[in-house]
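Before any comments, here is the structure.
By written order: A, B, C and D. Residues from 1 in each chain.
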Amino acid sequence: MIFQIILLIMLAYVVGFIYMGLYRNITARIQGRYGPTVYQTFYDSIKLFSKKNSVSYGWMFYLGPVIMATGAVLTLILVPVFSDSDFLRSVTTQGNLFLLLYLMVLGPLGNALAVGTGGNPFGVMGVVRGLTRLIGLELPFYIAVVGLIIASNSSDIVHIIDLQKTTGLNILVHPFLFIAAMISMVGFFGASPFDIPGAPQEVYSGPRTEFSGKFLALLMSQGSIFAFAKLVLIIDLFLGGADSLWMLVIKTFAIFITIIFIGIVYGRYKVEQAVDFLMKIPTLIGVIGLVRIIWFG
Amino acid sequence: MIELISKLEKLSLELVQKQDYLYKVEVKKEQLESLLLSFLNEFGYITLDSINCRDDLEEGNFVITYCLLTPKRDHVVMVQTSIERENASLPSIHTFWPQAEIMEREMHEMFGVDFPGHPTLIDFALEYWDNIPPLRRDFDTLQYVNDMNPFRGQRDDALDAKVEMKKKREAKKAAKLKAEQEAAAKAELETQNNPSQEVQNEE
Amino acid sequence: MKNDLENTIKIFHGPQHPGITGNMSVELDLLGETIKRAQTHVGYLHRGFEKLVERRTVVQAFTIVCRICVPEPDPNEENFARAVENLTGLEISEKAKYIRTMVLEMQRLATMFLWMGGQAGSIGLGLIPQWSVCDRDYMLDLFEELTGGRVYHMYAFPGGVRRDLPEGFLSRLSDLLDYYEKRIIVYNNTFFDNIIFKKRAIGVGIVNADDVIKNAYVGQVMRGCGIKKDVRKDMPYLMYDKLDFDIPVQSDGDVYARALVRRDEMLQSIKILRQIIKQMPSEGDILQKIPKHRKFKLPADDTYVQTESARGAMSYYMAGDGSEKIRRMQVRGPSLVHAYTLLEKLLVDSQLSDVAMTMNSLGICPPEIER
Amino acid sequence: MMESGFHGCDLDDSLKCKLEESGTQNTHSVMEKAAAWFRSRSIFVVAYGTGCGAIEMPPTFTSRYDAERMGVVGVATPRQADLIILSGYLAYKTLRRVIRTYEQMQKPKYIITLGSCPINGGMYWDSYNTIKKLDDYLPVDVSVVGCMPRPEAVIDGFSLLQKRIKNGEKAGWEKYDENLDFYKKNQKRVLGNHVDPSYETDWYNLENGSEV
């Protein structure tokens, strides 16, 4: 059990970092340049772990990345990665959507507490922007999730995956819910147009402004683990999960590259514009999907 | 333009054409503020493009030039005045033209011209400057630099540029002379050895 | 006003900041993310050019004036050369005039591409800077071929230009213009028509048209308010009175209007360059010989010249005193008033997110403010 | 004009600059060697264009020259950065900010200068507001000469820095720590006491106290 959890985290770490590297590489190719290697983010994180640290804001400040990492890891081990195979399955048979939704917000809230003690105005501004954006992001995502729960009559992810084998993939059965969830997933990934919390032209790196060295590396690691967990969650809910490692990679990569393509051609919304947009269009699409399930189910 | 000349003649001022699109009028310091006001309100020169200052150390005065434009922007009129260098002060015109505030602030810092009534005579580009205002011509920048910021020393094996240049020039001269002599000697030798060479070449 | 400032926090936007246009800073008093007071600080790049020029002869000063504004050095060279020509009465040949006009327009295009990168970068559209800075680089290659320098050219010498055109240069320029015309369509689709750029730029940083004339705002700020003025048309210099081009204007006066004005100016620059390529005389002196280069004296007189740079009218005041040295050269670039009077006014009651965008659209170039 | 044999550091003998050419430093363990390799592969540059050289930064970091393929990336804050590029002349006012930025950066940290101006004043040798000899005030790792250095030269500077990091050579920040008195005294000489925290601060103890 413990061994499998560690293996899962390592898998998420590696795949997450390769995906982050791919993100930079594919972006670079679209921008007309060679770009860094796929392992570049991995190098970055190792280098950051080896840096010295000579600033201190007290223990609360450094608890922030730890809370974020905890949220990411807990999310990861509660998402069923493989649906049918025995490999890496034992921890994740009881994936409950309500618990997951709670854990996904844990990280940002913990980080907000920590950055607040840092005293950097840009960090605080970034956190305020991030939390405001979170309100906008959660609404369409929750609507999509609630729609799925109603449709499959269960909040167990494993059950939702199993159901898709008989009824067909949720992306085809409930396309509106998928679009709503996908748009908010772009925001959860911090891709444009919803990347305002860390806009360098405005607030330096936002919440990360004061973090350096090991803590920044921890933030990067949790970011890649969390990214993997979120991708797995999306394919579990809408693409019928994955049986094998290959299936997992193909399906997550398809979702991932969609997010890259959306992010690259748009600038960033201001935070109120972002919330305005998210509360209107994806929410509306989600509500249409919900109504479709309830009345025409 | 003729209209402006006649209007200025009433004030006993002369408008001189300097270039195709450039005119200049010189006034005394006492007349300056009223003239600028009438340029703004009566003559229609409502754009103040820049305020320039020049330090005539030898004559002991600053020459201030206000460059004005009409909304048509098809010519520039320079209104020029000179003020005493000692305790230089000018009326501030930031109430007529907001952009004059920053131009006067700069002039205050660079030349030490005082503007009574100016709201923000704070630092412009310099910080903690306690010397003579730098653009005054009695401020010796080289002296200041040598005191503050000495040059990088030479390497131990560095050569004196002047001596080396001289050596090089002499060597070049000698080489040229030698080459000329050799060429002359060679030519002489060749013409002696085979006199038919020239004829062959022509063919 | 006082009450407003009570609960604000003070932050410095720059000089070390990715969203600032060069090495300067804006001191902001923020209430939440709304700016209550803005104050510009410059001086981080002050080199005392005007002092340095006073200590140098004309030929020596010629090599350093291009450093005054880093993103677009050529209007500085042109201003300097023309001021010296005005003072001494040097005449330049038609070919030299054409070449100088060409260099100025090439520089305008290069600066516009750099601006486009900055403007798109300020809203987080990372794709456009990557493309447009690369496109600008092709122009720098041509500059390098023509003048020997990528960024600083030291080309427009008093009395003409320093070197003749290389062989086949005009055809290469023509090829590049074809490429640029194609690219501008791409930029139009990805950037100027981008829905997020429109959403963020329309209605932000609105300049009042009444202020424009009085406060001497120039360039795209002026033309974005619907005032059709351009030094190239109003006080034509070099060959501009013989070339056919329009002055693009927009009426809204906001960031988006200024962006559109710039886009249209790029097309006009291409049009001008095409005419120059056609009309360029094949024969002619490029540089009038100045007798005794080192002892070239300026008369005791003063002059004022204006050139339309890519960001607005740039003026030089120059005075000689009968010796080899320049008595006084004062630079008045478009950024001085834009960065102080205009920016401090525009930023009040706007959002922190708009600062970088507004600054970019005003075309502020710090080295030119403080010299 | 230029006086020959004039040396800049008119300091006490006790503070005589002992900044010999940096020799190879022995990396002791495999871990350190590995860390040095990763450091060389990933360099974060703080976004601060201090002079004209900043105009060649966009081409260097964008698609034509693409420094990112070497692992050199721009970051926004000095806290996260490893490298500061001082691109050209430094006015006194900028030098104050640069020193502050440099001290906010976390070790190991490096400095690359661009252009001739930080080396000997360049064409602003007689300017009253710029410094000559940056290495009196901050430890410079790599100087890229030229006015401006082309993007290729800048990238060459990056690769030289990477080589030096990989070989474990003694870097500027170590020199800065060892000769703090020398640098602080020089900084105080040109900047006065107008830097926060003031030059009267006991730097050695301050640093030990705030070490995490």
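In this text, a residue touches a chain if its C-beta (ideal position, glycine included) is under 8 Å from a C-beta of that chain, and two chains touch if they have at least 3 such contacts.
As the structure is a computational prediction, the values presented were derived from the model and not from experiment.
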Taking each chain's C-alpha mean as its centre, the one farthest from chain A: B
Distance from chain D to chain A - Cα centre to Cα centre, in angstrom: 38
CA centroid of chain A to CA centroid of chain C, Å: 44
Inter-chain centre distance, chain B versus chain C - centres from mean C-alpha coordinates, in Å: 20
Per-residue overlap in chain C, given as positions that touch at least 2 other chains: 17-18, 43, 46, 48, 51-52, 55, 130-131, 134
Multi-partner residues of chain A (at least 2 other chains): 31-33, 200, 204
Residues of chain D engaged with two or more neighbouring chains: 47, 62-64, 76, 93, 126-129
Each pair of chains that touches, named by its two labels: A-C, A-D, B-C, B-D, C-D
Residues on chain B engaged by chain D in the complex (per definition of touch): 125-128, 134, 139, 141-142, 144-145, 148-154, 158, 160
Residues of chain C that touch chain A when the two form their complex: 9, 11, 17-19, 30, 33, 120-127, 130-131, 134, 190, 194-197, 199-200, 351-353, 355-356
Residues of chain B touching chain C in the complex: 18-22, 46-50, 52-56, 63, 65, 67, 69, 71-76, 78, 80, 97-99, 101-103, 110, 123-127, 134-135, 137, 139, 141-142
Of all residues in chain D, those that touch chain B in their complex: 2-8, 10, 92-93, 96, 119-121, 125-129, 131-133, 189-190, 192, 194
Contacting residues of chain A [partner chain D, same complex]: 24, 28, 31-37, 40, 43-44, 46-47, 50-56, 200, 204-205, 208-213, 216
